[in-house]
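Here's a structure for you.
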Amino acid sequence: MAVGNGNKFDSWEFRRIYAADMHKHERAASPTRSVALVGARGYSGLELARILLRHPEANLKACFATDGAFRLADYLPHAGADQVPTCAVKDLESHLDGISAVFLATPAEASLELAPRILAKGVDVIDLSGAFRLQEGTPAERVARYQKWYGFEHPAPELLAQASFGIVPFAAPAPQAQPGRGRLISNPGCYASAVMMATIPLLRDAVIDPQSLVIDAKSGTSGAGRKAAENLLFTEVEGECLPYRVGRHQHLPEIIEWTRAHSGVSIDPMFTTHLLSVRRGIIAGIYCKLAPGKTPADAQAAYARAYEGYPLVRYSSLEGASALAQNQALSLKRVVGSARTHIHFQGAGDRLYVFSLIDNLVKGAAGQAVENFNRLQDLPVGLGLTELEGVL
Amino acid sequence: MAVGNGNKFDSWEFRRIYAADMHKHERAASPTRSVALVGARGYSGLELARILLRHPEANLKACFATDGAFRLADYLPHAGADQVPTCAVKDLESHLDGISAVFLATPAEASLELAPRILAKGVDVIDLSGAFRLQEGTPAERVARYQKWYGFEHPAPELLAQASFGIVPFAAPAPQAQPGRGRLISNPGCYASAVMMATIPLLRDAVIDPQSLVIDAKSGTSGAGRKAAENLLFTEVEGECLPYRVGRHQHLPEIIEWTRAHSGVSIDPMFTTHLLSVRRGIIAGIYCKLAPGKTPADAQAAYARAYEGYPLVRYSSLEGASALAQNQALSLKRVVGSARTHIHFQGAGDRLYVFSLIDNLVKGAAGQAVENFNRLQDLPVGLGLTELEGVL
Amino acid sequence: MAVGNGNKFDSWEFRRIYAADMHKHERAASPTRSVALVGARGYSGLELARILLRHPEANLKACFATDGAFRLADYLPHAGADQVPTCAVKDLESHLDGISAVFLATPAEASLELAPRILAKGVDVIDLSGAFRLQEGTPAERVARYQKWYGFEHPAPELLAQASFGIVPFAAPAPQAQPGRGRLISNPGCYASAVMMATIPLLRDAVIDPQSLVIDAKSGTSGAGRKAAENLLFTEVEGECLPYRVGRHQHLPEIIEWTRAHSGVSIDPMFTTHLLSVRRGIIAGIYCKLAPGKTPADAQAAYARAYEGYPLVRYSSLEGASALAQNQALSLKRVVGSARTHIHFQGAGDRLYVFSLIDNLVKGAAGQAVENFNRLQDLPVGLGLTELEGVL
Amino acid sequence: MAVGNGNKFDSWEFRRIYAADMHKHERAASPTRSVALVGARGYSGLELARILLRHPEANLKACFATDGAFRLADYLPHAGADQVPTCAVKDLESHLDGISAVFLATPAEASLELAPRILAKGVDVIDLSGAFRLQEGTPAERVARYQKWYGFEHPAPELLAQASFGIVPFAAPAPQAQPGRGRLISNPGCYASAVMMATIPLLRDAVIDPQSLVIDAKSGTSGAGRKAAENLLFTEVEGECLPYRVGRHQHLPEIIEWTRAHSGVSIDPMFTTHLLSVRRGIIAGIYCKLAPGKTPADAQAAYARAYEGYPLVRYSSLEGASALAQNQALSLKRVVGSARTHIHFQGAGDRLYVFSLIDNLVKGAAGQAVENFNRLQDLPVGLGLTELEGVL
């Protein structure tokens, strides 16, 4: 989807791949690509396991856990969970034979330690943490940004340059596999995914005024992970819609950097995140001015151009829709459990209201990680993902 | 609501009144001011009953209900609820002897029918509906605005001019009582109260750029009333944070009109309302640019100036507060049950993030109605209100 | 429902059927059995559509709705929902050509009107309402029981005798299809399913004292249907665990009758139902005394005997399980979205605690209806059901 | 705990005390009884602070906290919270001058360490933990019971004999104050309070068969305290109604012991506790057989006899009540925030369904602790409690 000159936005040709016959990809008795997973006990990790256990071309060979006692089936009622063995993280290297890719559903600190070990064994890594997302600038600048936004000293600023950021479907083509050297994919943050899916097409096609962006995002509590923290207790969260890290959320620099990379436009939005008394789902309210002369129809056209052939998105104008249809379009439950992004917008004079909804654990984490796996493996982007749905 | 000369905003002198000795107002065995209530079965109505049953100077003499079978104690476990008789609305006039004020916690259509009947008996009316809130323009323009925003033909555009809008503490002094003619107070909407409490001081003191306002408000479900509607069922609402009437909520013209009246500044904000899977409480996220040369300290000063002596507000900068303190400040549960408004703000470069929290049924409805009662009766503004708290 | 000779309980041979090669049943491009659905807008109806759209051998040809404007895709985001046409209920007969079975996800009154019309066209009916569940006694006694428990005059007591009650896996073999005459299946109630799945095996094997049964059941709100009733509003339900129809729930006689039919034992349990502030799922706490000489190991054996080969149940003793394992076993979320029943028990001296968990909309309604469809069609009992899972 | 002669159960004469003129007890500017609180940051502790800050005769002089940085006003928005100083627990003894009673809202282990220190200073202790509840038997038997039910070695079995168990209104008269020696009150557990308030009157008057008792209790999450545990996270609890410690909850021996003490009847109930996805409130479903010849009217009479003059209870038969009235009677929200117990029952043949509802943090903890304070101080039992209400 070249925009411009040099082939400015040289993203993955998911259209060509997706056009491939999905029917070739019925789940075989033993899918040929073996994968492993670190961090399966966390919420994103469990989602990964849920998806991978049914993926037609992936074979979840092992979970790695610090605690050898971990058993996937203790957490996941799904068929097949009891067949996945658990290996100790310390023995990681000895279990990578024949593994195509390892998913890291781990905190950034753990990912920073594990990724180099896995890559050195010639195995691809798809990292769900923030460890490799901020790549702009010199190594020193990168270290400074990590210090500011994540609060830790990044130990491998040079590795950042090698990581391929995977906001599918805008992501660059996957790096070519090199013998003996794994490829590193940095999977986007949940809020960042919700926001960029809605804004990149509009900015790329100059539909909106980049200076006017205000983003008010709300997330279910699973986005905070399975972390025994007082502020995440049911007794605390219930009844709340709590703003946190106001203007300081670590997904903000990621949004700015990758929006620029994929749209060529620099933004500096107001950005608030809230904790909902809801388990899953993100809804980002995105408020902006239309660029001079632009209308909501241009928004529709921008999404159509960006997402032609991409199976994991739905978008529409709310204009003229019935109250019922609006409620359904903007329902979190409708997107929770699916790998899609739902984008709905409405013009009002020279302003544009945009709402972007995802399941924070699927498009915002595990689902997009599997999109990235498909991308690495030259499989249809939606393989193992299009049929996912939650319960209403 | 003079937008006047020297003393620019000539609002009610609640400071003087509040300075009066609260100790004079211990609840007497039989408080001297008798009041009545229409619509007690609704959520705002029950809150009114809850507050009035303990108000030191109010004596809830009667509830009016279409259905004669209504018994307040069936809904309200509070002491005294079983002592309040229910009268039929059709016999309204015959029960107004000795009544100082009637609270209308009714839909707009009912208020439009009832208010004139009560006023004609020389009894004050405090109306909680939207029936008398939009007052700008000629009678024809008022009718057109009601048609646009409320969807009905306003039958009494001339009555609008007599209604005194009661966004306490900005409200004009109460009209002088006239023999044989009741006074009409229009109590603000819940979203409008949350928004105006936060924005009027900032606009009045030119702290923020009025063109930059974006408001993303979220409300508990009780704001929709006790209405058996499919979209308000638990099964529907749970798990959601649902935008509705995007850019079209009927509180928007009210916010614009009364912000102008009380600050002298015209605004045209982006405005979204959401239904939370929470029972009570509103949080409005207000996003704007600071006016040139202004800082968050000017916001602090503006609130200090506006709310000096006013007991029902708390405000502070989030800057430098601990995560715990920020969570507490921005907690809905902390304001639910109280009659207060909680306002907290944070600067970021030339932008200002403001959060305004209220209980939609108290400051957003019944509590402010009692503030207006106190105003009509020349009682301390916080009488019967300052001690209200919910459970955490 | 023969309570018979040597092989005492002559239930459907799901074991033989299930042994059939599931691989024959990959979803074909056009599955050969066409089905239709009345009441798709309700919660059970939507679940039926969700399941049938992926069932390997069912082809959802049409939805019937009173309101012609109904569109399944307005409610269901799942692939294929937009391909299902809606027909008017009044034209029902003209759309039944080639239809194998019609699912009635309708109130009892509607089922009573529709079932005879469909059966007369030679089409099978699977009715999810209570209309055909109480069958014991003479026609006059049946009418009296419906009057007592359902509050209506049953218009077709003779039809009750023809309905085959479908508590799978205890159900009798499906009646033989007769030319020109459809077969009628009465699908069990949600509470009844949860209770009977746990109690029939224990009673049949005389593990427990039938006189000692106390059942305290709790249900998510979706069990009450998409009904705009005041007591089902979010504002009302949130924060509650509300007992209702104490000792008078209409599922009680159904439990007594069909427990007797399938176990040969008469019971008269205490029975309470509660509305949870939860969307989906039923948990029934079942409290009883062990029969003299019996132990929890006998409970295990009874379940093993009853459910050998049945794919939609999990059961285990809680004894000795870790707190984590107990929490997982007794988790509602773990069963919600699946078609399974989870049964867990614990002995304490001469008492037995049993917990039975289902998704009220799946095993409690749509899932069991599809089990019954499989039974009518001589398909493996779990076809289209075993892979169902919700989100955690 | 005399189980005595003529006047069989020699409980505190709250009737006499309550008859005293409540009007004498308007909150004075400086109430004369000073109290202190350990564990104010916990949920029960905050409730205690909330109640004590308004109690007409108590003056909350200090909070003790291990962490000197604790500030009550950080957690409690109520007026006066910012006036309560925090002292370090290690300096406890030096701050007890002039203190009448210390409330321990601490874990059992902390209470065991603190109570002797405070008592030795001649100050009364009201302990909300389980540390002093199990008193039957020899010292060795007591130690064994604590080991079995609480899992720790009780260090002071002799102190157990001195503690006065305070299930008001059945509690024995407060011990006489002795110079230099504080009195120790053991405040009942939350589940135990809900259960015993409903069962003691029925057992005492032989209305029910003690052998038939089955208790299925459900609690809001605040009952588990402010404890950063994984199983209490919002993401885990939401959507659940989770049985835990089935038949093994540590409140069971307390219920058995004190029911015997106050009714003279030994029971051995089945007892299950559940965690609700609700913040506050306990509802206990109590299922039993009526004793031969007894009817629900005898239940009514038993409650009337037990609770004559006691202001903190409501009870009624559900028989003949409308669905609305039943919903209101059995509503948790209606009791949450209040200090009352709501008991409602219904007969069905020879069985009796009883529901007992309390706020786990008020009657189940802080409220009853204040009842015990009133008892120690010879104040009306409901002082500072009768007017408490939550929000609906």
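Worth pointing out:
Here the chain labels run A, B, C and D in written order, and each chain numbers its own residues starting at 1.
Methods note: a residue touches a chain if its C-beta (ideal position, glycine included) is under 8 Å from a C-beta of that chain, and two chains touch if they have at least 3 such contacts.
Values in this document were obtained by computation on a predicted structure and should not be read as measured data.
Shared contact partners of subunit A and subunit B, listed by label: C, D. The greatest centre-to-centre distance from subunit A, using averaged C-alpha positions, is reached by D. Chain centres here are Cα averages; for subunit C and subunit D they lie 42 Å apart. Taking the mean of the C-alpha atoms as each chain's centre, subunit A and subunit D sit 49 Å apart. Under the contact definition stated at the top, the residues of subunit C that touch 2 or more other chains are 43, 239, 277-280, 336. Arrangement of the chains shown, judged by which pairs touch: all-to-all, with no pair of chains left without contact. Contact residues of subunit B toward subunit A in the complex are 214, 216, 218, 231, 239-244, 246-247, 270, 272, 274, 276-281, 283, 285, 287, 318, 323, 326-327, 330-333, 336, 346, 348, 351, 353, 355. Across the complex, subunit D is touched by residues 43, 220-222, 224, 226-230, 232-239, 277-279 of subunit A. Against subunit A, the residues of subunit C that register as touching in their complex are 26, 43, 46, 50, 54, 74-79, 280, 314, 324-325, 328, 334-338, 359, 361, 386-387, 389-392.
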